[in-house]
Structures are given as C-alpha cells and as structure tokens.
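To start, I am sharing the structure in question, which I have written as structure tokens.
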Amino acid sequence: MRQFLSVADVSDVSSIVQEALALKHAPHTHDKLGNHKTLGLLFFNASLRTRVSTQKAAQNLGMNVIVVNVGTESWKLEFGEGVVMEGDTVEHIKEGAAVLGQYCDILGVRAFAGLTDREMDYSENIMCKIIRYAGVPVLSLESATRHPLQSLTDLMTITELCQKPRPKVVLTWAPHPKALPQAVPNSFAEWMRCADVEFVITHPEGYELATEFAGDVPVLYNQDEALTGADFVYPKNWSSYRNYGAVLSQNRNWTLTAAKLLQTNAAKVLHCLPTRRNVEIADDVLDSPSSVVIQEAGNRVYAAQAVLKRMLETNF
Amino acid sequence: MRQFLSVADVSDVSSIVQEALALKHAPHTHDKLGNHKTLGLLFFNASLRTRVSTQKAAQNLGMNVIVVNVGTESWKLEFGEGVVMEGDTVEHIKEGAAVLGQYCDILGVRAFAGLTDREMDYSENIMCKIIRYAGVPVLSLESATRHPLQSLTDLMTITELCQKPRPKVVLTWAPHPKALPQAVPNSFAEWMRCADVEFVITHPEGYELATEFAGDVPVLYNQDEALTGADFVYPKNWSSYRNYGAVLSQNRNWTLTAAKLLQTNAAKVLHCLPTRRNVEIADDVLDSPSSVVIQEAGNRVYAAQAVLKRMLETNF
Amino acid sequence: MRQFLSVADVSDVSSIVQEALALKHAPHTHDKLGNHKTLGLLFFNASLRTRVSTQKAAQNLGMNVIVVNVGTESWKLEFGEGVVMEGDTVEHIKEGAAVLGQYCDILGVRAFAGLTDREMDYSENIMCKIIRYAGVPVLSLESATRHPLQSLTDLMTITELCQKPRPKVVLTWAPHPKALPQAVPNSFAEWMRCADVEFVITHPEGYELATEFAGDVPVLYNQDEALTGADFVYPKNWSSYRNYGAVLSQNRNWTLTAAKLLQTNAAKVLHCLPTRRNVEIADDVLDSPSSVVIQEAGNRVYAAQAVLKRMLETNF
C-alpha cells in the first residue's frame, strides 16, 4: 500500500480488516518494523481520536511521531496557484508539503472540507496538493470528502461484532446544530459497498450523497422503514451535498433514540465521534449496551496500525 | 497504588517520599518498567512544570507519552448530565474520557477549579467524571481542590533539606492580582497533616480553607507570629473558600520579604510556581539562598516518577 | 561545543559542515549518544522547519524531546528586572528558565526580535536571560539577531552543491508585506565571512545591516550589478536596522525572478523559508531547478544533528 486515501488503496478489504483484528490481540508483534522511520501528523483541524490513536499505532510499530498543528504552532498556508502572497498566508503549500516530505517518511494529514466551494472540496484540493508536493506516502486523517481510517475501523467493528452472514447496516442522517462535511458518510458508504453487508441509507430529502460515493445503494426517506431489521445503525449528521453545505433540517424526529431501536434486530449503534448528545443520538442509546461507539473508537488504533504496517512494508 | 488523586491514595507517605529521593539519585533504574505502556496527559489548563516533569518521569520509566490540550487541539467538552448539546460543546466527557481510556494505560488530568460554583468544584465534578468514564487509572495533574504531585514534591523537598526532627512549616497566604484556586494550599495542608512536622497556617480573616483540608491545624491571623521560628515557609495566594472565589485582600503587607524571614529560623522558602514576583514573594527572597523553589521544581520529576512507578506496579 | 548561539561557538566552521554532510549519509550512526538525555524546545514564536527538523535530529541521536509552546500551552513570561508582577505576565523568566534547566539537558529556544526596541533586541535580552538562568547548554532556534542553525545549513548546502572553489554568494534584499527581523541576513553574513566564498550584499539604501554582522562585506545598491556572475543567490526580506523595524520599501523590482537569474552564473537560489511567493521570490524561480530551497530545508536535520552531537560530546 503506497498511500491510504480511500478504499481504492486497499486491494483486499476483508484481509486488512482481519489484519487489524489480529493486531488488536498482539499489538507489539511488529514493534521494530518502524524503527528509524518518522510519521509526521499535520492537523489543519481539531482532533482527539485520530490524533491519539494514530500516535499510539505508530508507537506500537516503533516509529517516531512528530505532530504539527497548522495555524497555532506553524505558519498559515497558502493553496492558491500563482498568488501574490501579500496577505495573511505566510507559506505556500508547495514549500510546506515539500519540506515535511524531507523530514517524514510517512505524512498523515487532516484537512476538513470548507463547505463553501463544492468543486474545490470534491477535487480534494488540499490533500492532492500535499500528495503532489510532499513526495512521500500520505495517510489521510480525514480529508474534504473521506475519512478512510474511520471507515476501516467501522468495518472492523462490524466484523468483530457480527453474529451472522450479511448483516443489515443502516446509515441514517441525524440532526446537528452546525453544518458538517460529508466525509464520514461518503467514506462509510464507499467501504460498505465493498463489504459483505446489506447496506441502506436513510435521510430527509435533499441530503443525498454524491453518486460517486453512494452509488446505487438504496436510499429511503422514511427512517423507520430503513431501521426495520437493522443489525447495525450508524446515525450521523452531514450537510447537504446538492445545496452545498446547507443545513436543510434540524428535525429532531431524526435523532436516534432507544425507542427507534426497538424496530431493529437489536442493532448495535456505531458513530465516529464526537457526537452531540440528544441531538444526533439520545442518551438512552449512548448509555445503553446498544452503543458500541467506545469499542469502535478503541479499534481506531488497530485500523491505523494495520494501514501503517502495510505502508511501511510497501514503501521501505 | 491504583490511582493518585490525593494523599489518601498513599498508604505510606514517608516511604513514597524516600522512594522519590532514591529515584532522584538513580532515575534510570526502572527504564523498562513502562515499556509498551502509554501515559496520556490531558490538559484543560496551561502548564509548564507539570507538563514537562511528568513527561520526563514517564520517559525515565520507558513509557510512551501522548499530550492532549483540550480546546486548542481537541474538542470542547460537555460535562452536564442530560444536556441537549446544541451549543458550543462538541463532545461529552462520557465519550471523551472513555475514548482516552481506550488509548492510554494511565491518564493524567489537569482541570482547575472554575471558582464560580463551590459545590461543583469541591465535588471534583470534572475529575470524578473522567475517573468514572475513562476506566483506567487516573493521575491528578491538579484538580479543582488538590495538587497532590506538588504536595508530594513539597514534602520530598522538606525531607531532603531538613536538618532536624519535626521542623516548623508555615503556610502563609500572600497577595495576587487574580483569584486563584485553593488546590495548592488544600493539598499542602492535607499532606503536612500526614507528615512529622509542626504545621501552622496564617492568612487574613476570610481566607480559611475548607475544614476537610485544614482539619485542626492552628490558624493565625498574624503573619509575624506564625513565621517566628519557622524552618520552612510556603507563601501562596488563594481566593476565599467561604466567600467563594473572592479576592478579599490585596494587602502587600502579606508579601513575603527578606525582612520577614529574619524572624524565622533561617527558613527555606517553598513555592509551587509560577509566582508573581514582588506581589506574592519579593525579589530579595527569590534571588537569595533562602529560596529553594528551583530545587523543588526539579524534584517534581522524581515525585511523578515514584507515583507512576507505583501505578505501573499495581495496575499491570 | 558548550552552546550554539552564533558562528563564534564553532571553532572549525568547515569541519562542522563536513560533519553535517557525513551525518546526512549515515544519520543513525550515533543513535545511542543521546540516550537518557532530554532536549527541551521552547517556542515563543511559530515554527515548522526548526520544530520538526530539530526533533528529528534529536531522535536520530536517541534523545528524548519535549516541546513547550509559550503562551498557548504554558504561562506568559515576564522579562523585566524588579517588576511588580500585577499585570498579565504570570511567571518570570528567572523561574521559567531555571525550571526548564532542571528538566532538560539541552534547551533549544526560539525568540524573535520584537522590532520596537533595537537596543533590547540587539542585546539579545531574552536569549541572554534564558542562558543565564537555565544553567544548561542552550541551542538557538533563532534569536532576535541570529538564526545560526539556518546559516550552518546554508553553508552546508552551498558546500554540497558547489562545483568550484570560492563561489560568488549574493545576499539580496527582497520585498515583503510585513516587517521582518534581521536575524537571518545577520547570521548568514556572519557565517559567509567565515567561509571560503566571495560574498556580496545588495539592498535598497537604508537597509544596511549592523556593522557587527556585515563587517566590511561589499554592499551594492544595484541588484543587477550584484547578481552578475553569482553562483548562489539568497533573496530575503528584512526590515531596516537604522530606522529600526521600518519597512522602507515595497519595491517589486527587487523580487527575485527568473529573468534576473539570467545574469548570474546559473545560480542556485537559497532561502530559509517560509517565503512569500511572487513578493520575495517569483514562482518562475521557486518552481524551477534553480531553486534548492527544499534540499536546503532537508539539510536542517543534519545541521541540527551535527550541533547536538557536539553539544552532547562536550557537555556530558
């Protein structure tokens, strides 16, 4: 695996899931693999799980880790081509990325969607420029349109918990006070389409995901209908793709509650976290055994470790 | 030692002091003890000594350390029960703590008192919630009402410097431009009551510490009287407990000066730092051999190391 | 080498350059030298290259690294003598530096010029106080008047790329929207004067560097004349030393362009980075093979590693 930006970088989805599950049971088996290798982690946005779990994954492999927070610790970066830099950006990404490529053997990058310019976000402008100029393998820590370490973790968690072949997995939109990117649902859809699951998406009209991600996955506008018989439910907010970045609904009828889970097949509830309690998901779900969000967050370490292990094996 | 939140977590105060002093002379004796163990350090507030000395202590024991600064690097946390999270908090402590518990073998936490709601602060609301939800041993890096790593260091420094049995130790209030928590004096009082010292507290009326911390320690409102014959003096500001969070006095007569030390038994001066020069303590004290604040700060490493060593030995 | 603050700390400039070049080809040769030694990195200002390259250099030598960002992570520091600290500074540098000296075996410090008080900046007020109070060897990560790790890297890069004896090296002023310190040009001049090069400085009138740095280096006010036959060109903005901190010119005729390079001897272009594209240096230079700024940035690791190696060998 040269890089890890989307499910397309994984030739064998089910075998990397098995590798992550195996690492969970023996995390220190390859603790010399990354010796003398440096992982740089570049954050344009806040992070808790990704920040800590990826550091831990790298340490489990014996890598050095250097974290850079853009803006607070480092210089404000320019992404425009041909710009006369007389404003508030101090360094161009051409230099910023190339320099980090000099210091890091692998570069992890978190850069959220801006949600104002759809074409810019969906071209993965920031991530593509970093890849182009860094010259070293890049690991996505969530880009404008995808969060592949999360999606790998989600599939790992479903596999770990699954009691039956071809479980029903439902991705359901849920309300949120702010406009959020589509990266998590896009990426989840993309990975579920590569997995042996029955996958359904439900959301209010106007929240359709881009076709490149949702493909021909069934979309229901009736949440109750979608939830019926579900084995796994993934409630998650996102803003509109069509009316780009808009919050079309704050309808609390879409909040995932324990009552709604009654119509499922005793579904386990997944979420990438952070989540707004009692807006996206009710307390009576998160505080119940239905919720597996903490186990899922714990699995982030081993998903990242499986990916880093493959990147180390391929590139060095 | 399962956790380290107060002196009550130490069964044998004098023996952990001796252990810290021994580690000072041989800091690398146990440099494999923490291998493959991760210490997470979660800061809700600024830190210099605690941040660096605890990292160094963990590294001396061979642990990995991951630092998380809440707010600047990570998400703003919600502590309220049953809150509908439609405001500016992004993640609930229930998830935040539980997730860190997935990644860290020991979790260090700094969370100062808010000084507006006494009941909330003195219930140790934040620390208790983190302990409850993290599910891993917690190390206090200063909580709303206590700073036990500092107090252990203080006692270690008194022991290291002490020339005689049962020295007289005086905790004296000192002025400060801002309202500060009672954590340091509370904790110092609690630890001194477990030590073989003659302990006296002096402050202006209205600055009485909570009874659970001060117990029946003699309190004098006359600083000169308290300082007479002192072997160790700990000048420190705190805000009022009774009139919670209030600054009742800015009286510079309480600033510790070299002239005041003349009535002591050539007392050594302790302080947790940072200190406001010429407000809490005069230059002529801090710049004189009477001050042992730098040696004391250096001892923070070995106090933290003794505590982490015990936590590693007990929990794993 | 006890400390590293300027070229004056290096007894043999050409041999440390050779040592850095050798480390570039075998960076892990001394990976136990720094075991059980801690490098503290104290940042008063933003940093990308210095932050990451110095961490990596220390890791290559087996050192532990602890980073402290003043202001965001730690306390605001006071530098004044005899100040009554009732304002917004929380800790005096006397304590701050001395405490870090307790925890770190070597202390790296970045503290830019304030550009308002020339005497204060040129006395190296902050750096000198830290050296005085820390009590451990100090490594400059850029001070008010010098950036010696950058200058060593610059000379290393010139040596690495040089095809002939005594190349012509031109430091040329270039425009910039903000007032910048003189640290980089000062330091570059100081190092070039110790190297076997033909060194020329060019800038608009009023931008003369302090004599202690520029010495009797030829200064030309005509950029074209200076660039003629140059083998290496270092375009860099700085504010006025004479009219301290002033931006006397925004003249874009001084921007380094590909057209201007035509009059050189196919010069290689150096820069410390970050640079404002199309203000300091045109895209047609930075995006061409003339630019060696990325290779130069990569060399920062080995310059820092050569310095740290010598400091470890001398002090421990």
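Letters A, B and C mark the chains as written, and numbering starts fresh at 1 in each.
What we mean here is this: a contact is a pair of C-beta atoms (placed from the backbone, for glycine too) under 8 Å apart; a residue touches a chain by one contact, two chains touch by 3 or more.
Keep in mind that what you see is a predicted model, and the values were worked out from it rather than measured.
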item	value
Chain copies touching (chain B, chain C) - same or different residues, decided at half shared	different
Rotation angle superposing chain A onto its copy chain B by C-alpha atoms, nearest 5 degrees	120
Distance from the mean Cα position of chain C to that of chain B, given in whole angstrom	39
Sites on chain A at which at least two other chains make contact	72
Complex contacts: residues of chain B adjacent to chain A	36, 38, 40, 64, 66, 68, 72-75, 78, 82-87, 90-92, 94-96, 98-100, 102-104
Of chain B, residues touching chain C in the complex	27-28, 31, 43, 46-49, 51-53, 55-56, 59-60, 69, 72, 177, 273-279, 283, 286-287, 293-294, 297-298, 301
